[in-house]
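Next, two complexes with subunit A in common: one pairs it with subunit B, the other with subunit C.
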Partner chain A sequence: MLSKTLKLAAAVTALSISTAFAQDVQEIVDKASAAAYYQGEDGRAKVHMSIKDSQERERTRDFVILRKDIGDVDNGEQRFYVFFERPADVNKTAFLVWKQPHADDDRWLYLPALDLVKRIAPSDERTSFVGSHFFYEDVSGRNPDEDNHVLEEETDDYYVVRSTPKDASDVEFSSYKNWIHKASFIPVKTEYYDENGEAYRTYTALGVETIDGHPTVVKSSMADERIGGVTEMTYSEVAYDTGLPEDIFTERYLRNPPRRELR
Partner chain B sequence: MNVLPSSAAQKPGLYLWGAALFSLILIALVAAPTFAPRAFSFLEPLKVDTDPENMLSADEPVRVFHNDMKKEFNLHDLIVVGVVNEKNEDGVFNTETLGDVYELTKFAETIRWTDGASEDAAKKGVIAVDIIAPSTVDSIEQAGLGSVSFDWLMPAPPETREEALAVREKAERIPTLNDTLVSGDGKALAIYVPITAKDVSFRVANQLREKIATFDGDAEYHITGLPIAQDQFGVEMFKQMAISAPLAMALIFALMWWFFRRLNLIISPMIVAMVSVIGAMGLLVVTGNTVHIMSSMIPIFVMPIAVLDAVHILSDFYDRYPSIRDRRKTLDHVMKELWQPMLFTTLTTCTGFLSLAFTPIPPVQVFGVFVAIGVFFAWFFTITLIPAYIMVMPEKAFAGFGMGAGDKETDHEATPLARFLHGVGDFAVGRSKLIVAGFLLALVVAGYGVTQIRINDNPVKWFHADHEIRVADRALNDRFGGTYMAYLALTADEGDALSSIADDVEKRLTALGTPQAEALAASARAARGTAESPDAFLSALREKAETELDAAEADEDWYAWDDAVLALDAASQSQEIFKQPETLRYIEKLQAHLETTGLVGKSNALPDIVKTVHRDLFLGDEEAYRIPDTPEAVAQTLITYQNSHRPQDLFKLVTPDFKKSVLWLQLKSGDNVDMSAVIADVDKYIADNPPPAAISHDWFGLTYINVAWQQKMVSGMARAFAGSFIMVLVLMTILFRSPSWGLLSMAPLTVTIGVIYGVIGLIGKDYDMPVAVLSSLSLGLAIDYAIHFNARTRHLYEQIGDWPQTAKKAFGEPARAIFRNVIVIGVGFLPLLLAPLVPYQTVGIFISAILFLAGVATLLGLPALITIFKPILFRKRRTQHAV
Partner chain C sequence: MKSQATLLAVLMSLASAHAQEPPPLPAGLGSSSAETQDDKDEEQSGAPALPSGLGESQAPALPAGLSGEEQSETQLAEPDEPFEAPFGLTGFIEARAGVRIVSDPYEKQLSIGEVRAQLGRDIETRHATFHVVGDLYYDQVEDVSDVNLETGRGFFDLREANVLVRPLDFLDIKAGRQILTWGVGDLVFINDLFPKDYRSFFIGRDDEYLKAPSDAVRASVFNDIANVEFVYTPRFDADRSITGERLSYYNPALGRIAGRDAVINAMTPDDWFSDDEFAARAYRNIAGFEAALYGYMGYWKTPEGQTPLGTPFHPKLSVFGGSLRGPVKGGILTAEFGRYFSGDDKDGDNPFIRNGETRFLVGYEKEIANELTAAIQYNGEVISDYAALKSSLPPGASAPDRMRHVVTLRLTKLMLNQNLTLSGFNFWSPNEKDGYFRFRASYKLTDAWLAEAGGNIFYGADNNTFFGQFENNTNLFVGIRRNF
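Let's look at the complex of A and B:
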């Protein structure tokens, strides 16, 4: 009788511990997502992108990225506006993203030379972002609710979280691992694993600075072993809470870029 | 008797055991590193090379360019899995077949491994990311509400008939996939599996076959592609060496038994042939050379030549023994008579093959050198082992041996064969003019035939028409644009880039009309004279403008400088030739032209991608299937394309700097004549229609490589043949110490080679690799008979001094030896007709034909010519020593 009670107690304890642990992980990944994509109410940065292929041939893209969090809710709805400046032949090309945490994002593309605003049908977001090694989802952020997370390891500086997709058919990875900086919750490294458990794609935060009180990744890279090569993004003129008006994140502004905000 | 044969006759054991030891050592030297590579890493193992690329040396410019381009455009060797479903009414587009295809693709993605335990070792196997299959390529399509969708063509196995048919419909809308991934009739699709290197294809293909074996659908699977063909070739090559060559050996053996009736005696030529082949092939492997399509033919070439001299000795011995009745004395007599002809036939044959060392094709060089080595071995072992062998046989074994041995009193010239040959001799002497006229006529007809020769080759056709490789080849070529890939690289020429960029920069800045742009234009004018390069010119200007931009306070100032920087960037981009609409339209026209040739089933190039994306950006409207009008529009179309799962695919068609582009041509035929016709056609098109910018064009791809090596082979062979013809003529003149006898000796081989190649031209047999190589074999074999006949005729004439009497004697034993040779070797090589590879069959037929013709030309032509020219030929007989 006694032993039965003990067993039950042990089981209850174990259950509560694991629940507590699970909550912990959820909290960690939510904070990490917020640190990576939701700093401040809005933000802007100039980005220099260098795409190097397996033969070290370099292509560059320069763009301005504007972001606004709707209602300043972390991991909530967001608007992105990506305005290309260079190379010259894609100057004024623009993307507009309305990110919905629990639905497909709305995406628009503006191609000035074709005088065309095109809506991109909701589909896979794990496709290349303008030919780089980054995916769309890497730029706008993957919703933490799409994966199951396990805290695999805790070091002095990092939480190491293993995330497995809830719907494996949507993604090319079988899992990924995030090294999340304990103090800032900035993910400094992400490794994606294939079905054999081999890492094939690696994100690295190469530089973090505190800007306007927000820890900010100012340089990052994405390498993909399957195709070879690496893309580096360097952020400059980063600013937060500049009071970006919400109406610039509309289709109308694709054709008439808000030059002042983009300067 | 000469030193070597007499020493062999005295110490037969030494020579026989020596030859056995020599063979065993070579076999051990090859076997040890082949079967235990680790223990014997210092030795060269048996290496098989079935790569047709190796017909060109590694530093050959054509090949270097081919490899550079493959690397630059990230192209890999491909295994093609053709899936055909004739049974289902929807072809392959049914849920079951597509489900299997999906599974097979998933499986193929996982085929990779590392050799050994090392973690750092490079991965080998399938390059998963570059697989072209329904589930790995993107489809661009309309998605309602004017939106455009980029998604996998077949993200998951279809579950309904509609879904399955939709895959076909989507794929057919995309020009780069239609007729490449899916066939026009919907009955077939192809999965292209790129591999890290050709040498992994065997393992990859086997794993694919195992997977396919688990499917129980009604689709057929054909695994093909060049790497597979090469693997198959290696397998067939060994079959040839293991089956056809020994079979030829066995038939030669049977024929010799029929002639000489002494089983234990005729084993000796077999031993000579075996030891010579082991010697030549053993040395080939030990010295680190590879067993290649060419070198695998060495045994077949060495064998008849090795048997040839032995048959001469045996034939003479067989004819003489009954009258001499002492084997040592018979041997003395035979070797004295045959020593010089055998030495010279060996020298001339070696010359013929060694001349191949001067062709520019490495495998042909190796072939020539090692056949020559084999011929030398054959000579050495013939003059030592045959006497040694005869001496170790018990004397009583010769009882009742030899021609006419049954009846001592009867002239052994009375057998049917002897009577027949005497008849031939009488005819040749009596009708000399008729015969010479006949040969001249044959040469004239042959001369016409030679002009009709079509130089052509196609390594796929080295397999039989019913071989699985050919079956797959036909199944896929019938349904797709073509499986033979050729690549046309277009490269923008670096013209006077600086002055054109400087002009462009000034024009663009002036057009802006701002004071800031004017200031920058002034700097540009100042800098253009002194700038070292276009890059230096632009970056100096850019630096200046960007400094101003960073310093700009007022918005207006900043905008003006921003525009100026943009103008600089635009000017530098005008050098990106393959983004210019006029260049793309030019390529488009070239592609359309290629498809009118009937040789190019389909081509894929950059314009196809631009047009497809452009069309689907404009609601899929077919009118929008065109190249847009500005380079910016092209660039924006392409950046849209790159927002896909496979952005890297763009750079398989153009380099990132847009200064090189490549057209993928799918040819229906891999025949060199067809590839050459396409090359000539493109040259003409480009000459007639100059491109809008200075562009040079070059070919690469294996279909082109084959043309390149064939051209080298043909010209190289012609030179080698001319060279060895002259060398042999010189040797003959020295041998007979007479230019007229030298020339006379060349007559049979001239007729033989002329007629052989004339017939090739007349019957329309393509002049291909084996046919080219046969010229050196004909030279080597045809001269042999002439040497034997002439040497012994002169020998007889020295004793007799009267031509008709000499001719009678010559048509005794010497003619019989030649005749036996023709039959033994000519018929002996017919089993090659059963060989699994066409080149070996060609060699088999032609060896037989060469021997037959050379025999006829020698036995009819030489006596006829001697009869006509005897005043010249026998002029100095009194002052000359016998040869």
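Let's look at the complex of A and C:
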């Protein structure tokens, strides 16, 4: 009898512990956004993109990306510096983004052959980044505040979160579902659904490495049935907290690339 | 204990029964279920967060569902190896051909017929970066075969040959041949008095050739109050402007369109360190807007004066101005003005030297649909001493309008995964009743190959207006380029 009571108590405790650990969904998506886009105070990586169209024709992009979080605040303001190396026609083209979580990003493009610093009109965040299947928003992060989130399910490994846009006119999906790895808060898979609930676009994290203590997606893919084909993105030479000075993200370094930081 | 495990198993299977299959964990992320299977002990449901170290040890084992095999197959389909030029050279080779679509009695029918190879190389040392870019080309239309590094004519055009040093944290110095650009106008330049090449621009060369190189020293000083740049050009660099050799123009002395029969041969200031140019810019960000002030001391970039003997020359010019650029209502607003002081005609009463002017522009650019961007711009030019100019004109000579208005519209559309770019740019002057329409379609056949076609359409009611005079130069062109 006593042992039965104990068993029951143990079962109840086990259940209540799991409830206690079930996190507030907002906290989950915030942490997932921070894990995907805000690791460390700054970061750098070499990126290789392989863009395959529906007929398997491949195009590639190679660039170095530098990032700094202003004030080291997760899900806050950020600066990005993207330096293109390939294909050859965009070699040495530099792209600067000042990301504001609650306003349009400020963006500049530097065209070296013309020595031209062009300010780019804010575009739909959900348009292709350099012709790939990734959108601007996939590369720089979608603000968690733009969607309503529901924790649909919890598995051993994942929080499965369904997100619905607060302003549906802004986006091409009607909802998306995110499988967020419980331990690391890395979004492992994201599926975008149309108005009929059909998945047409899928992001997948294909490889994760822990670099400087930060779990980092080093390989990922984005497939989009509407466009056809898939883009695979590979990160290499990733480093965090390299002490990037904030002035890297200014016109000075657009015109004259920060070679030491890009190497 | 057993019943508890059973209970949990039932609960879990119930939970997963209606659930979608979760994605397999990628390489590098630890699975808690795998963990609990390994040491089938208690606490499995509670086990919340694996320490990051465990994630690492869980290394590659990609579960079946993940397209492990498919992946290796796609990797077998190797992309064609990008062509690497020797010695770290970068650049392109291209062929370009174009024809006038109206007949021009003073020019060849062919507007461009060239093959070109651009070669560039960077060399980095500890303290300096060297940068050289040069174009070797052969143009069927070009008559000049001797290389002239100033005009870029002959068979070689040295675009850049400079060294960049950072002697101090807050100082960049770039010295040598370089391309220089500033200001916020879209193909309208007010405070950018660095040399342009309108010849290349009008005959369908790539946009980059609109900018002609300067032989100059650029010093940039950076600080929190305002960044300041100085550009010193020890010997005046004129525009590569319309001379009649390749493009016909209105010749006021002849009172008609002229071309190869009346080539403009201007006197160009060319004494080192005395016929020099000095340009400066101070800029900073103010509340999301980029604000800048400019100054220039030098010469009109095109021969805007005539000696008593009728020889065109470049009169003195000073310009002071400012600009603003920033986001407004989901687009980018630009504004710029410049006051032009014509140094050899201070009172504006010399009809043979261009009067002073105030130039200004206001522009707005916005993405109006998916991958479609529109930009509209108004540009005004007001003659400074209009009354003096008018009264100085010889009897019978017609006076220009006091003010010239130009409206520009740019549309750019990206298609086919951004491999096809369609663009159109129109200049239109309501008071001069003339304009210039540039359009282009360029398609990236592969990452390396680019094909393009376009046109330069000049139109106007009169043949003596800015764009109207070029009407006979209206041309279409095609080109193909291989980048490396």
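Convention: the second predicted complex is superposed on the first by the 238 of 263 C-alpha atoms of A that agree within 3 Å, B and C clash if a C-alpha of one lies under 4 Å from a C-alpha of the other, contacts with A are read in each partner's own complex, and residues count from 1 in each chain.
By our rule, a residue touches a chain if its C-beta (ideal position, glycine included) is under 8 Å from a C-beta of that chain, and two chains touch if they have at least 3 such contacts.
Because the structure is a prediction, the values reported are computed rather than measured.
Colleague: Of subunit B and subunit C, which one contacts the greater number of residues in subunit A?
Modeller: After superposing on chain A, more of subunit A is contacted by C.
Colleague: For A:Arg226 in the superposed arrangement: first (subunit B), second (subunit C), both or neither?
Modeller: First partner only.
Colleague: Quick check for you: in the superposed arrangement, does A:Glu153 touch first (subunit B), second (subunit C), both or neither?
Modeller: Once the two structures are laid over each other on A, A:Glu153 reaches subunit C alone.
Colleague: Given the touch rule stated above, what does A:Leu206 touch, subunit B (first), subunit C (second), both, or neither?
Modeller: second
Colleague: Figure out whether A:Ser54 sits in contact with subunit B (first) or subunit C (second), or with both, or with neither.
Modeller: A:Ser54 contacts subunit B only, not subunit C.
Colleague: Identify the partner contact of A:Ser236: answer first if only subunit B is touched, second if only subunit C is, both if each is, neither if none is.
Modeller: neither
Colleague: Which of the two partners, first being subunit B and second being subunit C, lies in contact with A:Ser123: first, second, both, or neither?
Modeller: After superposing on A, A:Ser123 lies in contact with both subunit B and subunit C.
Colleague: Is A:Leu109 contacted by the first partner subunit B, the second partner subunit C, both or neither?
Modeller: first
Colleague: What residues on subunit A does subunit C touch that subunit B touches too?
Modeller: 53, 58-59, 86-89, 91, 111, 113-114, 116, 119-121, 123-124, 127-128, 130-131, 227, 259.
Colleague: If you look only at subunit A, which of its residues touch subunit B in the complex?
Modeller: Within the complex, subunit A touches subunit B at residues 53-55, 57-59, 85-91, 93, 109, 111-114, 116, 118-121, 123-124, 126-132, 136, 169, 195-196, 226-227, 259-260, 263.
Colleague: Using the touch definition from the top, list the residues of subunit C that touch subunit A in their complex.
Modeller: Touch residues, subunit C against subunit A: 1, 3-4, 7-8, 15-16, 19-20, 22-23, 25-33, 36, 45-46, 48-50, 52-56, 66, 71, 74, 77, 79, 82, 90-92, 124, 129, 164, 172, 174, 178-182, 184, 207-208, 210-211, 220, 222, 227, 283, 288, 290, 325, 327, 330-332, 334, 365-367, 370-371, 373, 375, 417-419, 444, 446-448, 450, 481, 483-484.
Colleague: Mind pulling up the subunit B residues that touch subunit A in the complex?
Modeller: Per the stated touch rule, the residues are 71-72, 74, 110, 128-129, 138, 143-152, 155-156, 555, 558-559, 566-567, 569-570, 572-573, 579, 614, 617-618, 628, 630-637, 639-640, 642-645, 647-648, 650-651, 655-657.
Colleague: Residue numbers of subunit A touching subunit C in their complex, please.
Modeller: Listed in rising order, the residues are 7, 10-11, 14-15, 17-18, 21, 50-53, 56, 58-60, 86-89, 91, 104, 106, 111, 113-117, 119-124, 127-128, 130-131, 153, 155-158, 160, 177, 179, 181-184, 186, 188-189, 204-210, 213, 215, 217-219, 227, 247, 251-252, 256, 259.
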